[in-house]
Amino acid sequence: GTLDAAVRRVDNGSLGSMTSQVSGANSTSKLILRGIEDLGGGLSAGFYLDSTIGADTGAAGGLQFWDRRSTVSLASVKLGELRLGRDWVPTHLVWSAFDPFSTLGVASANTFRSLTASRALGQAFGSAPETQAANPTLRVSNAVEYFLPPGLGGFYGMLIVTQGENGTTAAGFTDGDGFRLGWTGRGVHAAAAQFTTRNASGGQRFRDQAFGVSYEFSGNRVGIAQRRWLFGSDRTVSTQVGALIAVGAGQIKLTYVHADQTGATAALSANDARLLGAGYVYNLSKRTALYVHAARVDNRGAAVFTIPGGPAVSASPSAANYFGGKKSTAFESGIRHDF
Amino acid sequence: GTLDAAVRRVDNGSLGSMTSQVSGANSTSKLILRGIEDLGGGLSAGFYLDSTIGADTGAAGGLQFWDRRSTVSLASVKLGELRLGRDWVPTHLVWSAFDPFSTLGVASANTFRSLTASRALGQAFGSAPETQAANPTLRVSNAVEYFLPPGLGGFYGMLIVTQGENGTTAAGFTDGDGFRLGWTGRGVHAAAAQFTTRNASGGQRFRDQAFGVSYEFSGNRVGIAQRRWLFGSDRTVSTQVGALIAVGAGQIKLTYVHADQTGATAALSANDARLLGAGYVYNLSKRTALYVHAARVDNRGAAVFTIPGGPAVSASPSAANYFGGKKSTAFESGIRHDF
Amino acid sequence: GTLDAAVRRVDNGSLGSMTSQVSGANSTSKLILRGIEDLGGGLSAGFYLDSTIGADTGAAGGLQFWDRRSTVSLASVKLGELRLGRDWVPTHLVWSAFDPFSTLGVASANTFRSLTASRALGQAFGSAPETQAANPTLRVSNAVEYFLPPGLGGFYGMLIVTQGENGTTAAGFTDGDGFRLGWTGRGVHAAAAQFTTRNASGGQRFRDQAFGVSYEFSGNRVGIAQRRWLFGSDRTVSTQVGALIAVGAGQIKLTYVHADQTGATAALSANDARLLGAGYVYNLSKRTALYVHAARVDNRGAAVFTIPGGPAVSASPSAANYFGGKKSTAFESGIRHDF
């Protein structure tokens, strides 16, 4: 597992600033239990349980205790792996893999994964706090997955089908399917994924797509990736360019993310935003690191994206704390310890 | 512990069918922490913590995290064991021991343990989801138990007293007492148990009784058992006949359960039901197995028992999805992995 | 970790008595995960996760799963330790260290830590069950702590600052700071601590202070301590005198606590109370013990302190179960097992 805690300061311009303690800004604080049993003949069985820890408050899990993953698998080196349970959606795995910040902390490429500020997400899943936790852009329950075996010349891939169980995606019961396909070799990593939800709001279809490519050389990495959320006439398309630069025992991280929203009206299509982020991670050992991250979110039109942890903002133009088109700036410094 | 996930399809006749993913159809998905300390002189101390895992969703526990068991014990090889905490009720342990399906999955002998469909249970404990989890026909909190020592010529037995703490059974505070007594030898296993609740609805007494006998030969087992729920003029009496047949590395399971309800009126007494179930478990190792189970529930009168995981049904004759007297058919296939 | 369960009987005089099962009367039932990584050069990193177990019901945690502690640290033998996360408040650590009963069980010096009966606590934090769990007189979230290094001639000490995050103390977001300072040597232990909350009810300041001194000789210990809760014109000042006497493989514990309340009126200032407690702990091994505790709380004026686990009482003079000025007597016997 991991415990990672940091002190964060977020400045929301004229709305003031706030200092808080946050968990998992470099690597998610979590408790993992897992194991593999060798069944002989290239067959193996495995289990994986993973629970988020709120290092700052002691909270565990989200809507469920083993919120990050709970799976049981049967794997063959020749035929691939069959896996059942709750797991990550393939689009998040691609998106996260190319983000130098792994979608964590103030400079996370998931800063635009906001049900209140991304219209495509909000229209598809509503905006209650529960839907923020349950919508299938991060993880999904009731999954049946198939993974290709290793040794396919650098190619990897998987298919996923999830049962809706006559519920709603907002309740965590997503009727969906998707895939992930990638290739690694000669320092290059390229991957694409899609996950389609058939029971989003109004029984409509929500499409989530991600793809990216990166190149590694002498311990450095540069990459570019895109994530597309499509629901009816609404789209939120985020494009991310990032770099990891090895510096002695540490690493410099740089990111730029642009969120392009398109909707039924010109006003909705003007609600774009961009994020600039930089960080430095100093490794005390393989298990322990100190880090500093800084980031700025710059809204266009009436967009209200913020870096979490600042003073409360509103998307309503008549509210005193209306945030449309404003800037959010943040800094955080913390300790990450794997155990 | 164990992780066990399966895909289940339940067909509720004219109400349609549903596919879902379920946890623990062969063996409950769970996390167990336990240990024993040898104190010398035949004395030992022990602890046991057991938490349900929802392999399909990542949920943990029920109303409480360590919902399956949380006990501390002092044991003597001569005098027996004193145990305090939350534990299984003795009647469930007898009922479960004789069911080839261990009261799990589509063919579970606990399919008739329904607060909405068993009138004796519903009258005694109400029908809210919380009472389904808290009523003392499975486990009970605040227990003081005494277990006979080993080496009594095959006899085993225990007494249990639980504190009501001025609460209600629906809140998990059961004012009850009971016992379990059994004998094993020459392939025969016979057992009986009772647990009486003194603070069921209206402060009335609810009696829960179970007994059974089985015979084992060449790895096969046949058995018969009965469970009786008695509350005022209402009774639900379930009789189960089952067989386990060894087949190579696997096992065939067969079960027939008949639920006989008796009430104040002839109509209430006509609400019987029966379950037919069959399954095959293929062991990949001692820890890992693949399995398929099939079952059918056949209601009589206005009985509304169903196999969980199908389309929603109603006990109200005026509802569009009224299920009185109908059939529920189910199939499931999954992986069980112990860790 | 620890599992500790006991049977308790509390007699609230004319209101009758009640028997219950309780958890953690000798040592809190808990699950601990922790570790330290040696980083070389006197540096180390560590993590600590601690979750309360309700041995009687199987419940885990409080408002959060890792309710007792969740911290990550970086420590230097020369410079001291920096620690982030959820941790104990320094005042509780001092108060608990001098109580022979470690603030647990019927004779706990925290019997007077009641939001309904201590006016200073009730005025500062309200009296909802959530505030009983969240108020910062036991533990606090979002803490940044600094601990002095070892080897300072018996002196130890720490500073703590906690982030309010624009919340309320009742929600667990305490805007506070404090310190602890102590000295041990020649059998003497002296310590003092303070924790000030700046966002108690009405945005007012709540001060929590503790100090004590003890003397150890031939395995016995005597001590005296005081805890002061100050909010506006209301004060609850508890003074505790205690002794631990070694007797063979066991220990006798004696305690006397006097709670002196001061308020805006003479009536409020008359609501004092005192507690007399005695216990015997018999160690079966280093890890396992049997114990018996007895205690009596004696209220003055309209004070309504009780020993938890008895019949419900009221602070309202017109209620049938009004408890003002009455006595609560209790006895408990249990098993404690460390694992």
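As written, the chains take the letters A, B and C, and residue 1 is the first residue of each chain.
Methods note: a contact is a pair of C-beta atoms (placed from the backbone, for glycine too) under 8 Å apart; a residue touches a chain by one contact, two chains touch by 3 or more.
None of these values were measured; they are calculated from a predicted model.
Taken as a graph of touching chains, this assembly is complete, with every chain in contact with every other. Of all residue numbers seen at the subunit B-subunit C contact, under half occur in both copies; the interface is built from largely non-matching residues. For this pair, subunit B with subunit C, the centres built from the Cα atoms lie 40 Å apart.
Counting partner chains per residue, subunit C shows two or more touched chains at residues 61, 65.
Within the complex formed with subunit C, the subunit B residues making contact are 33, 35, 37, 39, 43, 45-47, 49, 51, 61, 64-74, 82, 84-86, 141-144, 163, 165-166, 172. Residues of subunit A touching subunit C in their complex: 1, 3-7, 18-21, 31, 53-61, 65, 284-285, 287-288, 290, 309, 311-312, 334-337, 339.
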